[in-house]
Structures are given as C-alpha cells and as structure tokens.
Amino acid sequence: MDDPVVELNVGGIIYAARLSTVRKEPGKLADMFSNGVDSIPKDSKGKIFIDRDGVLFRYVLDYLRNQNIVLPENFHEKSRLKAEAEYFQLEGLLRSLDTESRQAGYITVGYRGTFAFGRDGLSDVKFRKLARITVCGRVALCREVFGDSLNESRDPDRGPMDRYTGRFFLKHLFLEQAFDNLQDAGFKCVASCGSGTSGGSAELKPGMDPEESRWNHYNEFVFMRE
Amino acid sequence: MDDPVVELNVGGIIYAARLSTVRKEPGKLADMFSNGVDSIPKDSKGKIFIDRDGVLFRYVLDYLRNQNIVLPENFHEKSRLKAEAEYFQLEGLLRSLDTESRQAGYITVGYRGTFAFGRDGLSDVKFRKLARITVCGRVALCREVFGDSLNESRDPDRGPMDRYTGRFFLKHLFLEQAFDNLQDAGFKCVASCGSGTSGGSAELKPGMDPEESRWNHYNEFVFMRE
Amino acid sequence: MDDPVVELNVGGIIYAARLSTVRKEPGKLADMFSNGVDSIPKDSKGKIFIDRDGVLFRYVLDYLRNQNIVLPENFHEKSRLKAEAEYFQLEGLLRSLDTESRQAGYITVGYRGTFAFGRDGLSDVKFRKLARITVCGRVALCREVFGDSLNESRDPDRGPMDRYTGRFFLKHLFLEQAFDNLQDAGFKCVASCGSGTSGGSAELKPGMDPEESRWNHYNEFVFMRE
Amino acid sequence: MDDPVVELNVGGIIYAARLSTVRKEPGKLADMFSNGVDSIPKDSKGKIFIDRDGVLFRYVLDYLRNQNIVLPENFHEKSRLKAEAEYFQLEGLLRSLDTESRQAGYITVGYRGTFAFGRDGLSDVKFRKLARITVCGRVALCREVFGDSLNESRDPDRGPMDRYTGRFFLKHLFLEQAFDNLQDAGFKCVASCGSGTSGGSAELKPGMDPEESRWNHYNEFVFMRE
Amino acid sequence: MDDPVVELNVGGIIYAARLSTVRKEPGKLADMFSNGVDSIPKDSKGKIFIDRDGVLFRYVLDYLRNQNIVLPENFHEKSRLKAEAEYFQLEGLLRSLDTESRQAGYITVGYRGTFAFGRDGLSDVKFRKLARITVCGRVALCREVFGDSLNESRDPDRGPMDRYTGRFFLKHLFLEQAFDNLQDAGFKCVASCGSGTSGGSAELKPGMDPEESRWNHYNEFVFMRE
C-alpha cells in the first residue's frame, strides 16, 4: 500500500491518518515524514511519537485533511491552537486563524424615537417612529460593520482609523437591520438603556404634535465582539 | 453471523457498529463496505480505518442508526458536522442539518402601556394595561414567529420578504404570549429598555384619566436568534 | 461468582457493570441478558456489543444502578437521552425524564413603587415602598411558580390553563421572594426595564405625599425557563 | 513494595492510585481494601472493579489524595457527586460539598442618586451623589453578604432569618463596594433598571438645589446566586 | 536514544513526553527522574505512575514543553491547576498562574448626556453629546484599566489603593473607548440602566438650549471581571 495508515501518539492521545495527509503541507510534519517513518521516534507500542498537546492536534489534522479549518462555534482554545500552528510551521493554518480572529470592541447603537399618532380618526395607528439611528465606536469597527449604510458626513474628523467617533449615523431607519448587521459581524447585544425626555418649562415649537413629543425617548444598545 | 460488528478507527477514535448500520444509507460509507470488509484499509490492529475527524463521527453513526438526528441542545460544531455529512455524501443528514439551522436575526417587541386604575372605590385594582404590542424586524422572521397573530394591515410596503419593517403589531395584547412565541422559534431575550413619558405643557385630551396618563411608559424587548 | 462483571462495548465506548445491574429493570437490556451472556453478539475482544451511542449510555447505566437519575446541572442532551430510554424500553427512566422536563416559557413580574419618606424629622428614613407586585404570563406557569401566594381574584377569565393573563398579582409585597420562587422553579431573570412617571398637568389627589409621588416608578422583570 | 499501585475499573473508566490513597478515609472503599486486593472482584483484565459512574470518580480520588476538594469553577455535577460521596460513605467529602453549596437566591441593591453640581464657578464638577444604598432580599442572605456594613436599624421585624425584608440599607455609600461584596459571595448581576423622577406640580423644599433635583434617579440592580 | 519517550500513567490517564521535557524544570518531577526511570514506581503495564489528577496534567506538560502556559479562553479549573503546580513545585507555572489571575471586581461607567441640536437650519444634525464620563469603583482597579486617561483631580481622598471612589472621571468623552479599555482588561458589561431628568418647576439657566435640556439623561453601565 503506497499510502499507509500512520498511527500517531501525540502527547499521549492516539490519532490515525494516511501518510499523504500528514505530509500534505510543508512544515515540521512534512519534514518529519520526508524520509519515511522508520527513522522517527516511536513510543513503546511502535506508534510515532510527537511531543505536543494531544487534544489540539485534532484540529491540526483536520486542517491537513481539508486544507481549511472549521472550528467549533464556541472554540475556546484559539490562542493555544495558534501556538501549535506556529510550532508545526503550518502557514495556511496560521493565516486562517489570523483571518478568523477579528478585532474585539464595543459599538453603541442608539435612536431617538417616539410614536406616530393618527390624526384623522385612526387613533389606534401608533407606530414606533425613529428620528435617527446613531452609531458610536471605533471608526474602523463601525465601517466594517455598516459599510455603505454609514453616514459619516457630519463627522468633522478625518483622521486615522483607530480613533473613536460619536458622530456617525445610519442612512436608513431600521433598527433591526442595524442589529442584524452587527450580528453578522460577530457582535452581540450585551446591554441597553432607555430614557424619556423631561417636559421642562419649554414651549413646544409650532407644528410639533404634543402627544408625539410626550413619548420622546432615547434607547441605547451596547454591542460587543469578543 | 450475517450482520457482524465492524470496528472502526475514525481518525484515531474507535467506534463499533453493525455492518448493516454503516451500510444503511447510500453514500461514501455504503460504497466503502459494498464489497465486504476485506478490501478496506486497516490500522495496525486490524480495525477499519477512516481518515476523518473522530469526534464528529459519533453523530454520523447516530444518524445511520436512527435515520434521524437529534443534536445536543448546545451543539457547537454544526458547521463542522455539515462538512462531514458532505464528505460522506449523506443526503438525509445534510437535509436535516439544513432544516435545523434557522436564519439568525433580531426581532424587537415593544409595548406602550400604563396601569388600569379603579374608579369606584376599588382603588387598589391597578393592572398593567397595554395599548399595543409592536413587532419590528425582518418581515420573513416576524412572519415565521408570529404567523396569524401578526397584523400587517398598517404596513404600506408589500415588497420582498427580506426587507425590514417597523409597522407590524400583534392582534392580541398578551406580552408573554409574544415572548413564548419567540422562545418556541429559538429566539431569546438579550436586552430591554423602558422609558416614561414627559408631562410636557400639553393638556390632556378630554376623557383621559390623568393618573393613567402619568404612568404611561414604553418598554422595548430585544430578542435574538443565533 | 454468581454476579459477574460484564464488559460492554456500547458503540465503541467501554463500560463495565455487574450483571445484576444491567438486568435490574425489564426492557431491552434485561431481555438481551435473560439467557446468559453467551448468545449475545461480541466485539473482536469478546466484549458484549450494543449498537447505540456510547456517551449517553453513561446515564442509562447510572439509572440502572440507582433506580433514579440525577443529571448534570447543565445537561444538554436530554432529548437525545430520551431517545435512548425509548430504545431500551426503560419506563422508569422515561418517566423521570418527562417529569424533569418542565414547560418552557416567560413570566413577567413588575411592581409599581416609590419610596417611603419620613415625615417627622427622620428625613433619612427612605425605603423602597411597593404598591403591588403584578404577575403576567401563562396561567399554568404562574400557578406552578407562585401557588398560594397568587391572587387571582381580579382576573375575570376563568378559562383553560393555557391562556395568558395580565391580571394576577401577589398577596405579599416582597419582590425578592417572588424572584426566589421563580428561581426555585427553574426560571432565570433575563431582562428588566424601569420607567418613571410623568408629572403631567394633573393635580395630586388629597393626602398624597408630593415627594413620594415624584419618585413613582414601574420596574418590570422578565423571567424565562428553557 | 508495600504501597502498590492499584488499577481501578470504575464503571468502565480506568484510574490508578496508590493503595494508601484509596484506603486513606474510613468508608466503603477502605472496607473494600481492608483485606488486601485479592478478594475484590476484578474485570476481565484483572483490574479492580467498582460498579459506579466512572467520570465522577475523578473527584472522589482527588478528595482522597488531598483530603480536601477543589471543584472546577463551573462544575455542573454537584448533586451527582454528592450521591457518590454518600455511596462511598465519605463523611469529609460530603461535608465539604455541603459547606460549598451555598443557598441560592436573589438580592436587590438599589440607590437613589443624583449629581453634585458645583456652585462656585467649578460648573463642571459634577459627580454621582448617592443618597442611600438599599438592600432587599432574604435576611439570612443579606447578612451573609454584607455583614457589619448592613444597617438594620429601620427594620421593625426581628423575626426568623428566612423572612424577607425591604428595609435594610448600607452604612456606606460606595455602590461598587456592595457589588464586590456580592461577587465575593458568589452572586452575579443579572438585571438592572433605572428611572427618573417626575416634576409633578410640587414645589421644591427650601434649600434643595433645583438642578440636583432634576437629575434625581433610582437605579436598581438585581443579583442572583445559583 | 539519549532522549527517550517516557510514558506516564497520571491517575489513570496516559501521557507521553520526551524525558528532557519532564526534567526541564527543577521540582518534584525533575527529582523523580533524576536517577533515570528504573527506580520509579510503575503501573501493571510498565508505565511510570504518578498519583495525581490525570486531566490537569495536560497543562503541566504543556508548561514544561513551552516554558509558558496558554490556557483555554474559558478555563474553569484554575484553582485546581494551581494546586497541581504547588504539588509539583513548579515555580514558573505558579508565577504564571498568579500573574494571570487578575483581581475580580466591578467598575461602573456612567455618563450624563443629551443631544446636540442644530441651530441654523441643520435641524437634523443631532448627535449624542456627552458632558462627562464618570468612573466608580476600587481605586486600584480603575487605575489599572484607565491609566493616564483617568482624571483624579477632584477626588479629595488620597488614601490606600483598596478604597472605593465615586469621584473619578475620564479625560476624554468617548464612551466606547472606555468600554474597549474595560474589555482589554478582561471586564465585561453585565448591566446598564438609564434615566431622564425631571422638568421640575425650575427655570432653565440663561443660555441653555431648552430642547437639549429636555433630552438630558444619565446612562450607567456596570462592568465585571471574574
């Protein structure tokens, strides 16, 4: 058989793979197997021995089998796996892991809103009415998440990407679209707070509906990416 | 014995199953076993060798045993399992996984409410009184969750399913029924915010109870599906 | 030895138990072992073979050993375990699992409150003062959680258990007791929102303390059971 | 060797320990090994057989090695481990588990606050200003968490520990110190809500700063221990 | 071979490593292997026996291989691992674990804010406008997180690091920068609450915009480090 099954003892855990699999990518593993398996150190049962963490090798092997890596949805050993990829000199795996690890951070989305009240007999027609959806956070993160739907025209600063801004808003008024964009980018909502307005002693400006004005509120939603 | 136990070494993890089990569905496994087990590559202990991830094979085998798949409640390797189903060409498993993975997204449920105050001596009879439960989000998601209880009559847009709306409301006034519907559909509540109204300088309309008006509030609940 | 140790290969995972353990309850396992172990299919090492998921068998065995089942606090494979109980025809295990899986749903607890202000020189004596704790949700869930402390007298509907109500309140005024009741029943708090009242243009009713009235608020707590 | 290594097959999982370790504490294990290992039932490979759950035995052994038990931070099988401690009659382990399992429950911490505004030109000096931190919940839990910093002087009830109170407050005004106390005791913050005050039609009392009065708010934080 | 593979049975779990690996650091392991492997106790299969928890030894070995330790992102056995490091007298591992375990605690970040309204026709230019970001909590924690961006000038107390303060604020006005600083330091947002202001009967001070004043709010965000 010209593509034998090789049995590996990686730090005490046993794996098995075709020889062609472990040699597929240049790096420490391919070097190890370049002269056949005879010259490689073995454990007491004749299995090829690799002095590394046995658990993480599952993903190293996965990468070699499929030439790409799909990690579990809640994988918690990414920095540990990176250390293994570096040890085995697997450029492609390292690149995949770097691509996948997005920059952490917070983005706050808020809106000033009230309700639209019917004026002509449809007294029950009262919908959420948003005046504007604001976006605050690091410029680079905000652009990554919202792309073209971001309105930056009122932000006077045109500086570097790693500054913070409180001056972005969205071109549309669909709060849940903003939420979905954030979710697509790996952010999740971690907190929120709302507040109403104060009546104050100020007169309403002409043309403003007094009932609409009473229901004014500001809701703020905090999103985080780990 | 015409239905022998076959022992499999899947990437280093050992499984055992009846031959009839692994051959039950057309695909790569059935092909592999179509000519008996003699011609199949073996590991050093004579176990049939399969060069794939050993952990995920647990669910592949489960699917073959039961012809359907019940995943753990917090299963975090769905995309990884999909890759295995594709590799083994198991149409039914692939279909089950696709059916199960519902579209992610946010839905916001809100209500304008106050309290009903007793007018005739039952001064302590004060219940939550909801004026309307609003539903905002992607049209397709909202319809999936709320079905017939969704009132779309005030939404002027009749466009495609993947647009967003802030104009849906529910035909009933039971907030927790809406929550339960969302839970049934796999959404969970991730945030909420409340706000009162402002007294403003506006006069109350005739017939409105001033105490009820004082307690007006808008509570908004954010639900997410991963 | 009249009660030998039997070694089981369940889908590739090895278990060991006394023969009396696996035969303790009527069902598929007792049937299998009714004529001794000689006629049962074995794997290549002579271990008794069972073509089912190996991981879940841990709990099947546990049930047979103790005649009752204590699951891990965050057990995520309940539906999968149920499928195994059905396969092995273990009535008692099935019953335990059904008893344990409580109905999912949401209950909302809210209170209207303010602070009690001292009137006679103890100006610093200001405590939370609750007017009433309301309970909203499915009737069956509310009754299960709050039992006798639930006041249903103001709920005009006397219909079926699976309707929703917004008209229940508690006979006591201890918010944290309500929370503890919910926790005991497996609910956890997932969201909350607060709102103050509006001054409006309404006069205070005679006898109401103006400072108390200023601090009126409505806090609402959302509890969920998975 | 007078302290040999004994190999145990606990429900199918293999453990190894010194004989002195398994005999260290009186109970079922010490009894089992009191007459040497020859008379103890063995599995087919000559390993000592114990008909109990194999996974939980890891912690039983740990307890015997160290005479105390340190559980993982998110251990989810405490009730299952207790059942094992009972089975093996390990008094010390049972006691440790009982000590460690603290009473579940909710405590609510709230504060009435506003901001301190500068009166003499330092118009920007505006800090959070707390009037009082209130503590509500079961008396026993509140005392356990806050100890001497709890002021109970305004609580008229002097009854049993398992009653609820809404009348405790703290002797200091550092909100985060209260939070840290709760965290030290194993509580975590699960919800919070805030509300402002209503202007009402009431006049401010003499000496009250009108700007401070405008910013009055009540924030309430819900903590839970599982 | 002058650097043989040693096979270890640690409490029943099998590990394998180069001899040079287990001897790399002074301590109990190096002592054990100082005279070769012959005099060390073995299990029945000739593997070197160590009477400690088998699962945690994975990280002990990892530390010896790499001279540093990278733990999984959600590692829940830190106190258990520390006990192992103490047992094996591995100073470096112990130091790493101590360095890594940062002090738990809460920090509250809040801001008083409103919206900037356009005065000259740009009526839609309305951004979040923050007056000040306050920071409350233990002095040592606040300094660790915010460093030079912390303004302590208004805190009259100059006492020890372990006191609490409600008087710090930030030198900048970017809320999300504060959030990102907290995230970098391992804190996560666990709660938040918002409140508006009351109109009161007070006149606005000259020069204050009445609309801006109406939208005044105080939002408070609670961060926790475990």
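Observations on the structure shown:
Lettered A, B, C, D and E in written order, each chain numbered from 1.
As a convention for this text, contacts are C-beta pairs under 8 Å (C-beta built on N, C-alpha and C of every residue); 3 or more make two chains touch, one makes a residue touch a chain.
Worth saying up front: this structure is predicted, and the values here are computed from it rather than measured.
Taken together, chain A and chain E share the touching chains B, C, D. Note that among the pairs A-C, C-E or D-E, D-E reproduces the A-E interface, with over half of its contact pairs the same by residue number.
Superposition angle, chain A onto chain D, using Cα atoms only: 145 degrees, a multiple of 5 between 0 and 180. For this pair, chain A with chain B, the centres built from the Cα atoms lie 20 Å apart. Averaged C-alpha coordinates put the centre of chain B at 32 Å from the centre of chain D. Residues of chain C found to touch two or more other chains are 190-199, 201-202, 214, 216, 218, 220. If you draw each protein chain as a dot and join the dots that touch, every dot ends up joined to every other dot. Taken in their complex, chain C has these residues touching chain A: 193, 195-196, 198-199. The touching residues of chain B, counted against chain D in their complex, run 194, 196, 199, 214. Those residues of chain C lying in contact with chain D across their complex are 1, 5, 7-8, 13-18, 21, 46, 58, 61-62, 65-66, 70-75, 115, 124-128, 130, 173-177, 179-180, 183-184, 188-199, 201-204, 210-211, 213-221. Of all residues in chain D, only 9, 11-12, 41-44, 49, 51-55, 76-80, 83, 104-108, 110, 112, 131-132, 134, 136-138, 154, 164-167, 169, 190-202, 216, 218, 220, 222, 224 touch chain C in the complex they form.
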